[in-house]
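Same chain, two partners: chain A is paired with chain B first, then with chain C.
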Partner chain A sequence: MTARFAPRRAPRATLLAALLLAGLLAWFGAGLHLGDLVPRGNGTAVLGEFCGAALRPALDYEVAPPPGSPPLLAKVLEALRLTVVFAAAGMSLALLLGTLLGFATATAWWSEGAGARAGLGARLLRRVGAPSLHVALRGVIAVMRAVHELLWAVLLLAAMGLNSFSAVCAIAIPYAGTLAKVFSDMLDECPRTSAAALRASGASGVQVFLFGLLPRALPDMAAYAFYRFECAVRSSAILGFFGFPTLGYFLQLAFANKHYRETWSYLWALIALVVALEVWSGALRRKVVMR
Partner chain B sequence: MSAHAPSDARWREVQRLRSARPRSRALRWSVVALALLAAYAWLAGDVALADFLTARRLANLRAFVADEVWPHDLAGRAGDLGAYARWALARWREVGASATLATLWISVAAIVLAGAIAWLVAPLAARNVTAAAPFGEPPRHDAARRAPLFVTLRWTARGLAILMRAVPEYVLAFLLLAVLGSDTAWPAVLALALHNGGILGRLTGETLENLEPAPLRALAGLGARRRGVLLFAAVPMALGRFLLYFFYRFETCVREATVLGMLGVVSLGYWIQDARTRQFYDEMVFLVGLGVLLVLLADLTSAVARRWLRRS
Partner chain C sequence: MQARARAIGFELRAAGLAFPGTVALSGVDLVVDPGEILALIGPSGAGKTSLLGLLNGRLVPTSGAVLVDGRDLATLGARELRALRTRLGHVPQHFGLVPNLRVLHNVLAGRLGRQGLFASLKTMAAPSRAELEEVHALLERLGIADKLYERVDALSGGQQQRVAVARALYQEPGALLADEPLASLDPGRARETLELLVDLARERGLTLILSLHDLELARALVPRLVALRAGRLCFDRPSGETDARELETLYRVDAAPLETSV
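Now for the complex of A and B:
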């Protein structure tokens, strides 16, 4: 390679300038005015009360609930539990689907395939069949992931009615798409040295994949899957806005009733859960990926 | 493996390598814990599988796919693509075009703002920048006295970033709507900018911490101040990484901007929610489709930008 004396930052400067220009255009396009950042109507009062409640979340109902209601903290814990349950169910389904789709769309299957001794059928499969399947599956994955989990929820609600499994599917479908894309990229981008060694000693395409590529990519895949679980918890919480019994449902209700301290109880519960998962996954990532 | 009898020296070497492979107890227990959690989620009875595929729901689904998603005026001619295109064009002119554009502007404004927030947070959160002796510069005589100040500053910035990214955009927008009202796009823009600013701030901060220390230390040793090293060495060195993350978050931003409209800010989601409450599922599905096209376009743009960045 020849030495490059041109400053390497030149394209980045162009890109930065383009981004600033795009931001400026978007500012006018979205009709933003700095003046609109000032709360209007009773917005100031809401802001004051809501922020004031942040450091004193409710430990009990602000207004006496109907008789027979569980204590507030029990309600918060139950919402938290269901948030985790929907996230875990959705994520496990997504992991299954995403792994299958991710393996199927990784190009390493066929681009790292068997040698020249393969028959006509195998060669045809590798030259035509596998690539066209690859493109088709990539399209499916892109659409799965392009529809937001809340929109999947809306579609499933319209098609099937309110049902807990709809919430699981709403998480599982887009997350499977994301996992499939990232997994296949990781498999394709991981170092090919051990794969090449296996192929040289006569391993088949599948063997090369399972023993040469997969172990190399697995730590990254696991770390990414854990990170997505953290995202799934947030998605699961938000699904509550559409009637599922997760944190979002109770948060919305408490806020609409102006019970700001109760709102913060749910909000702090969500923050604690997400931060705990982030700390856990961060510690694992440092152990696994940076080894 | 019959070719390798257990007495084979080669096989013993394989066994030795296998038992010497790096293992982590924390990792193993985490996997077990997560597997148990997944099993619990399916078995606890909160996910009603049996209730999902009842005859009534299947009839609903059939009606939805075969009838409701097709335009009303196409009754009985569901396969007529020309008629569908004419109907779609009319919807596109009515609300589709302006809503798609509004969604795009909201997401672009939000991600640029998030980038700005990230650069405010990142240096404050980075261990090598916000320290009594930045960039490994020789410590000053009062370094020990000033250290607690920097630790406080660093953890305040980190705490703020954690709060910003722990609260989902949707919840942030929901809360901001009550304060700012729905006749401005600010609730959506701010919600997206804060959440993504928290994420980008953390990622950029980590990038700053992981920079090659030698050039920074050399500059600091020559007498450059914190400000100078940061602006003229650390930021340019971290910029490429930052832009990669920036474009990766842009995709998500477009997806989320669509959805935030369902709360009342006028983006695609607003009209999706509108069609949903009127039970005009044909329009709803069409608008979701527009959202998909916009996201795919954003995906493509960011993939091209990232490839360009990697190459340069």
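Now for the complex of A and C:
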């Protein structure tokens, strides 16, 4: 108790020293050598060629394609379209599932209320039923998002084969888990004053949740969902590495064939898409959320 | 608009409220007749908010009993308590409005307790013409009719408070409980607001219970004063019979505490 007014310098110094130590351990533990940063062999040439290609992305095939192939730009656009479609489908499923799970795992449902006068059944539900369901659902959510979407893709490819559903589910499952976690935290963290006022006027638990709590959390939830959609687009592009017909597939092929200018056509398309999404979501946010 | 609900009376019987480590209220006896207008006065921490909490069932007394409309709250189940609460209008100190919703929706929320889930979804999504007109008439009475479609967070503190009052009145309650309704207002506004609350209660035949800090105003406008100090009832009499010295003692910081907690 007497130490309460002593200057608290010691913990900060200890923390800094510990962070420094952890950094050094990680550096040597990972076997980092500064020398590795310098490209070897023809690495410099490849790097130069690749970076140079960024400035002149291909508008047509670098090597004549098999007869009957669509023009390169049409191929890029189609890959772009499928990337967005897979992302949107995965995100729609994730939003549905994530919203439901997020609502179900928010503690705001049951942690407050007119408990003292409730009957034994209601009290048991509040004290034992709701908390154990909460823990169980949180566990499910943790598993869903602990596994990365690429790992889900590997699993689902093995189980379902290379079809659109495995790609969409590979995005939907981990994204639903993340959305559920973040949504429930946002709901639990938003101020309870309006919820308390509605409860005082006799509104039911569901009504209090829908009209007192949800509207306050909604702007943040919407902003986060927009951000996750951008992430989903990137994930969807990368899923092409497994053979799904999104940007990643063609990107990988072009790169493997050392068609760097074609690679950049796909890369620029992805970059343009992400920027366009950012502009669109920003505009929507200002219009809908911020009013 | 003048659909009148039957006024509600309250009774506290030796009511006490103890939290771990503190005693918020002890041995409070109080009878409030239907339609009566009274103010709870006393320094901060005297137990005014706790007493209001007991009256609307938000808090459960640790001793004694609370009767609302003749019914002991301790005997009511959750459903009955909810039904009773739909008849008690409450204006919390910090209003409890949803800041990013429009005034209209905040006021409409006052009647949720009497609607089923489906009906309330319909009301909030697309209010009927009758509901719109009723809310508009209420806001007009409160002098903020032009704010119907404004978002609450765009309003001043005084206007937000009127929205909270409108929400409580839209409930068509039998009693109005207001916690420190003048706390965030300048002196001119405070008088105006208190007059408005008292007038509204009179014209609708509502029971009105307010907690107040401003003794001058309380004596001038509220017929009955109930003084609390450190969780106990100090006095309870018509405001005409209170004298300035008595009120001054009530607020004196160095006056002997009546309650030593812990």
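Here, the second predicted complex is superposed on the first by the 256 of 291 C-alpha atoms of A that agree within 3 Å, B and C clash if a C-alpha of one lies under 4 Å from a C-alpha of the other, contacts with A are read in each partner's own complex, and residues count from 1 in each chain.
As a working rule, contacts are C-beta pairs under 8 Å (C-beta built on N, C-alpha and C of every residue); 3 or more make two chains touch, one makes a residue touch a chain.
Not measured: the values here are computed from a predicted model.
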### Message
Let's test your reading of the overlay: on chain A, do chain B and chain C clash or fit side by side?
### Response
clash
### Message
Contact-wise, after the overlay, does A:Phe50 reach chain B, chain C, both or neither (first, second, both, neither)?
### Response
first
### Task
Using the superposition on chain A described above, determine whether A:Pro39 touches chain B (first), chain C (second), both, or neither.
first
### Task
Examine A:Ala122 and indicate which partner it touches, taking first as chain B and second as chain C; both and neither are also allowed.
second
### Message
Just checking: does A:Ser69 make contact with chain B only, chain C only, both, or neither of them? Give me first, second, both or neither.
### Response
neither
### Query
For chain A, which side has the bigger count of touched residues, chain B or chain C?
B
### Query
Where does A:Leu198 make contact in the superposed view: on chain B (first), on chain C (second), on both, or on neither?
second
### Shared chain A surface residues [contacts with chain B and with chain C]
291
### Message
Please output the residues of chain C touching chain A within their complex, sorted ascending.
### Response
56-58, 60, 73-74, 76-78, 81-90, 92, 94-101, 105, 109-110, 112-115, 117, 120-121, 124, 151, 164, 167-168, 171
#### Entry: chain B to chain A touching residues, read off their complex
22, 24, 26-27, 30-31, 34, 37-38, 40-42, 44, 46-49, 51-52, 56-57, 60-61, 64-65, 68, 101-102, 104-106, 108-109, 112-113, 115, 162-163, 166-168, 170-171, 174-175, 178-181, 184-186, 189-190, 236, 239-240, 243, 246, 255-256, 258-259, 262, 272, 276, 281, 284-285, 288, 291-292, 295-296, 299, 305, 308-309, 312
### Query
Which bits of chain A are touching chain B when the two form their complex?
8-12, 15-16, 19-20, 22-23, 25-27, 29-33, 36-37, 39-41, 43, 46-47, 50, 82, 84-89, 91-92, 142-143, 146-148, 150-151, 154-155, 158-161, 163-166, 168, 222, 226, 229, 234-235, 237-238, 241, 248, 251-252, 255, 267, 270-271, 274-275, 278, 280, 283-284, 287-288, 291
### Task
Please name which positions on chain A make contact with chain C in the complex.
114, 116-119, 122, 193-194, 196-204, 206-207, 210-212, 215-216, 218-219, 291
